[in-house]
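Here come two complexes built around chain A, the first alongside chain B, the second alongside chain C.
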Partner chain A sequence: MAHRHSHGSGMLMLDTLAAHSGLRNVSPGLKTGFCVLVLLLCVGASDTVVGIFVALSMVFFMVFLGKTPMCHIVRLLKIPLLFLCVSCLVILLEVVREPLGLWQLKVGSWWLCVTSESLHRAVTLFFQAMGAVCCLYALSSSTPMPQIIEVLRRCHVPALVIELMYLIYRYLFVLLEVQRQLTVAATARLGYVGLRRSVSTAGRVSGTLLASSFRRSRVCFDAMESRGYDGKLAFLSHAPRLRPTHLLAAAAYVLALLGLIFVRKGWLCP
Partner chain B sequence: MKIKLTNRERRAVMASCVPALMTALGTPVSAMHIMEGFLPQTHAIVWGVVCLPFLVWSFLSIRKIVSQHRKAVLLLAMMGAYAFVLSALKMPSVTGSSSHPTGTGLGAVLFGPAPMALLGMIVLLFQAILLAHGGLTTLGANTFSMAIAGPFVSFGVYQLCKKLKLSRLVAVGLACGLGDLFTYCVTSVQLALAHPGQAGVLASLTEFLSIFALTQIPLAIVEGILSAIVVMMLESFAKPELREIGYLVKEGN
Partner chain C sequence: MTEPILRLENVSYAYPDGPDAVKNLSVSIEKGERVAVLGRNGAGKSTFFLLCNGVLEPEAGKIFCAGKPVTRKKQDLLELRRRVGIVFQEAENQILAVTVEGEVSFGPLNLGLPLPEVERRTAQALTAMGLEGYAHRSPQYLSGGEKKRVTIADILAREPDVILLDEPTASLDPENVTRLEEILDRLTQVGIALLVSTHDVDFAARFARRGLVFNRGRLAKDASMEEIFADSALLEQAGLRKPWLWQAAEAACPGLPRYPLTMEQYRLWLHR
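Right, the complex of A and B next:
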């Protein structure tokens, strides 16, 4: 169900959103650092209120600062929601020999139980994960991938890894387009009717895709070599500069979040 | 505090479980990536640290391959992009959801397990940021299950099948299918270790295994068949490239 977005443009919705984001003039280093820090705090705190606070504030950032349409955010949030519900259900239900806790259901010789502890754990986990997911969305809906790669380069990630990342990012679009065309062609010829035939079609489509991408890589290499490629991809990067006001705002938010965590954990004297 | 239920009420509860189970059947467990924020901090860090030696080894091996022939870097990048695009592949609908194959098993058969660790991690990072499959804090755990454990099993099974003189297509199919299954087992272990219930890790492991088995076992079978077809197509259409990456070296055809 998450993969109904099987066409190219819908698939990389986040990439498109990032390119149009109202926050694209904020320094990518700051955005990446800020989101990763908040993410770590949210996961580290593992607390319901902190999770809700992070989730709501990140959605607020996306809508009011990033100017991301609300309908897109809702669509994005639906993706993890289903996984989250099932996994939380697993954590909520305990399979034990004897009935215990708040609610129980006999299945054969076993009992499915909900204890207050498991309820608490499932609820905490749900909101912790929701906060973290919103934080990830805030990063990826405001920062285009090349800028994130540029940040990683400045963090001294080896040049070979950076090169691979740029190339993979570039080829994603090429292959997605080829894959889309192949799938449309196969669908138009009734290739996906019936399970047996669709398995075979899916295999053929992916086989053709890989064969053509290998062939394409050779052509690409020749083209790059003829333009003087010797193992180093050089791009002009014009990343937006860091502004003091942005830094201050980020710092204020992190301090507020830290304060909330301290209060919730009871580390501040009452 | 126990709540006594009459038979009828119990039946109502049972009936209300059905939609929940149907959702479980239809969930996008999307190649079993653990979602963002689902692992506690310590687990996230520990899985990241576990991956580190593999990643360093993988980096060194990629550097060696690339220094021997430069073209390989493009082939590896294509393989990475391919693994990503597989997640957009229109798949025969398995148990109502269209889950997608991982592609790292196939990569391990073609390139060996060493480059796949780093490549898989990059792909997972892209999937987290561009598709919100998986996440940044769970990157370590996902890398371990999908880019390290799975490919290793695939590669081992493939070598074993070659020793046993099985046909190459059967070998590829088995390798990729079993690699996928192993990935799902490792993910279930990771989830169970992170969130054990009162009955302990083993009980919650069986819970996770049995819930995710609904989508993952058919998916593994499909992935095996798919990979065999892919390799068959490659052998007929991309022989020079296969020879270049050393997959077809010893056959001499």
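Right, the complex of A and C next:
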């Protein structure tokens, strides 16, 4: 099997990672259910230690079970990390009339303060969110999109949404390729020299992409009709089966996580 | 005499606000035939294919499928589309599903077949195209030749009597063209009629015994390949040229009525 790792945008990277993941033979239903459950527990627990535990264990799953290279995980995590840092900073700082708390800065007639309360809130939120993000990455870096869509279909998501998801996912790659070719052709004619020209070239590339999408959609519909399409998109799909060992392992992890949450909340000791 | 699988009688079609794309076309296709469809870009080849498959509705004339006239009734159209399949020029425009297996199963599922039969046909079509082990691959990670084979498997899984291939050799490397020719040979062996539109006259000469030459929406000639390539006026009119083997043989020995079309014929001709 050819290993073609595209080092392009996040979406494409996730797709290649999922296609080669060591966990791709685990039942997608189990993976989805597991990740959603852990995600809910992590968000619901709203606790720093639980968040750190979930984040680290999910990274562990990706690296050691999924055989996903660490450098790819770091690259994936960079984007939400930046976003999280900015939003936690906002929560960390309080704007008040009087100086109070651990740290203060005077801005005009107002004070920017960090209180122990706001610090606790920001740190908790940060790790809570990190745990949740790692959960979703663990799912999407180990499960190819078609399998996730198939799980959603079994969860009775409306057929129209499922069909749209399939088509959008398929045409994402087709249109990205067209866009890449258009961009290369424009670059070869110095279309991206200088800001002004770059903006106008990007506009033209988008316009051409739109026009070619319309053309393509007509041909595609002809191709679908010629194969007897009559309003219902159906494909055969074989997902990996659910194995008892996988189920047990997932259950054990969830129990351990529940135990940790109980300990942290102090629900175990009377 | 048995009825031809597909027969068009005085068929005309014009695209909305365009000139006639196909004018007064009559042609019939027999079981297991190999036909090359030649002509310039925009001469009406693709329109002809879409008409054969019922995607376009003829404005005048009739289409017969195994002797029965095809109306615009859903049942008739489905029957026509089951018997006649099109392999489109651009694989990207045809491939719809996100796995190879899903893609090939789309056609048979549309036929409303039971699931085990769909699975059998999908597996069989994949095997016939040498795509075993590709079932769970995503189409975006396939090479051009592999994509072409997936699109042929698509059609094969519907078990048609006629397959129309729209410029199958465009964008294929020589190795994949050779492979395609082997695949086409196998399809002929199982009795499927093949119509191939192409600009590659050398390929057409190797592939077909019979040719249809289109020129400005009209069928300019329906004859054997030898007759077509012997007709210099027709070739000029339709923007075609003689195959290199034919030209080489003609240069060596001018004035003969016909020359070899395939390498095999050329060898025999040299040692005649």
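Here is the rule we use: the second predicted complex is superposed on the first by the 258 of 270 C-alpha atoms of A that agree within 3 Å, B and C clash if a C-alpha of one lies under 4 Å from a C-alpha of the other, contacts with A are read in each partner's own complex, and residues count from 1 in each chain.
By definition in this document, a residue touches a chain if its C-beta (ideal position, glycine included) is under 8 Å from a C-beta of that chain, and two chains touch if they have at least 3 such contacts.
Keep in mind the model is a prediction, meaning the values are calculated, not measured.
The superposed arrangement places chain B and chain C next to each other on chain A without a clash. Once chain A of one complex is fitted onto chain A of the other, the partner contacts of A:226 are limited to chain C, with no touch recorded for chain B.
By the touch criterion defined above, A:145 lies against chain B and chain C together after alignment on the C-alpha atoms of chain A. Measured by the number of chain A residues touched, the leading partner among chain B and chain C is B.
In the superposition on chain A, A:234 contacts chain C only, with no contact to chain B.
When the two complexes are overlaid on their common chain A, residue A:216 makes contact with chain B and with chain C alike.
Shared-chain residue A:167: touches chain B and chain C both. Of the two partner chains placed by the overlay, only chain B lies in contact with A:199; chain C stays clear of it.
When the two complexes are overlaid on their common chain A, residue A:255 makes contact with neither chain B nor chain C.
Taking the C-alpha centre of chain A as the vertex, the lines to the centres of chain B and chain C open to an angle of 90 degrees, rounded to the nearest 10. Of the two partner chains, chain C is the only one that A:19 touches; chain B does not reach it. When the two complexes are laid on top of each other via chain A, the two nearest Cα atoms from chain B and chain C are 10 angstrom apart. Overlap of the chain B and chain C contact sets on chain A: residues 2, 4, 15, 145, 167, 169, 174, 216, 220, 224.
Interface residues of chain C, counted against chain A in their complex, comprise 50, 53-55, 74, 78, 81-82, 85-86, 88, 90, 92-99, 101-107, 109-111, 115, 118-119, 122, 135-136, 138-141, 154-155, 158. Interface of chain A with chain C (complex): residues 2, 4, 15, 19, 144-146, 149, 166-167, 169-170, 173-174, 177, 216, 219-220, 222-230, 232-238. Residues 1-6, 8, 11-12, 14-15, 36, 39-40, 42-44, 46, 76, 79-80, 82-87, 89-91, 93-96, 99-100, 102-105, 115, 117-118, 121, 125, 128-133, 135-137, 139-140, 145, 148, 158, 160-161, 163-165, 167-169, 171-172, 174-176, 179, 183, 187, 192, 195, 198-200, 202-218, 220-221, 224, 231 of chain A are the ones that touch chain B when the two sit in their complex.
Interface residues of chain B, counted against chain A in their complex, comprise 1-3, 10, 13-14, 17, 20, 23-24, 26-30, 35-41, 44, 59, 62-63, 66, 70-71, 73-78, 80-82, 84-93, 96-100, 106, 118-119, 122-123, 126, 128-133, 135-137, 191, 195, 197-199, 203-204, 206-208, 211, 222, 225-226, 228-234, 237-238, 241-242.
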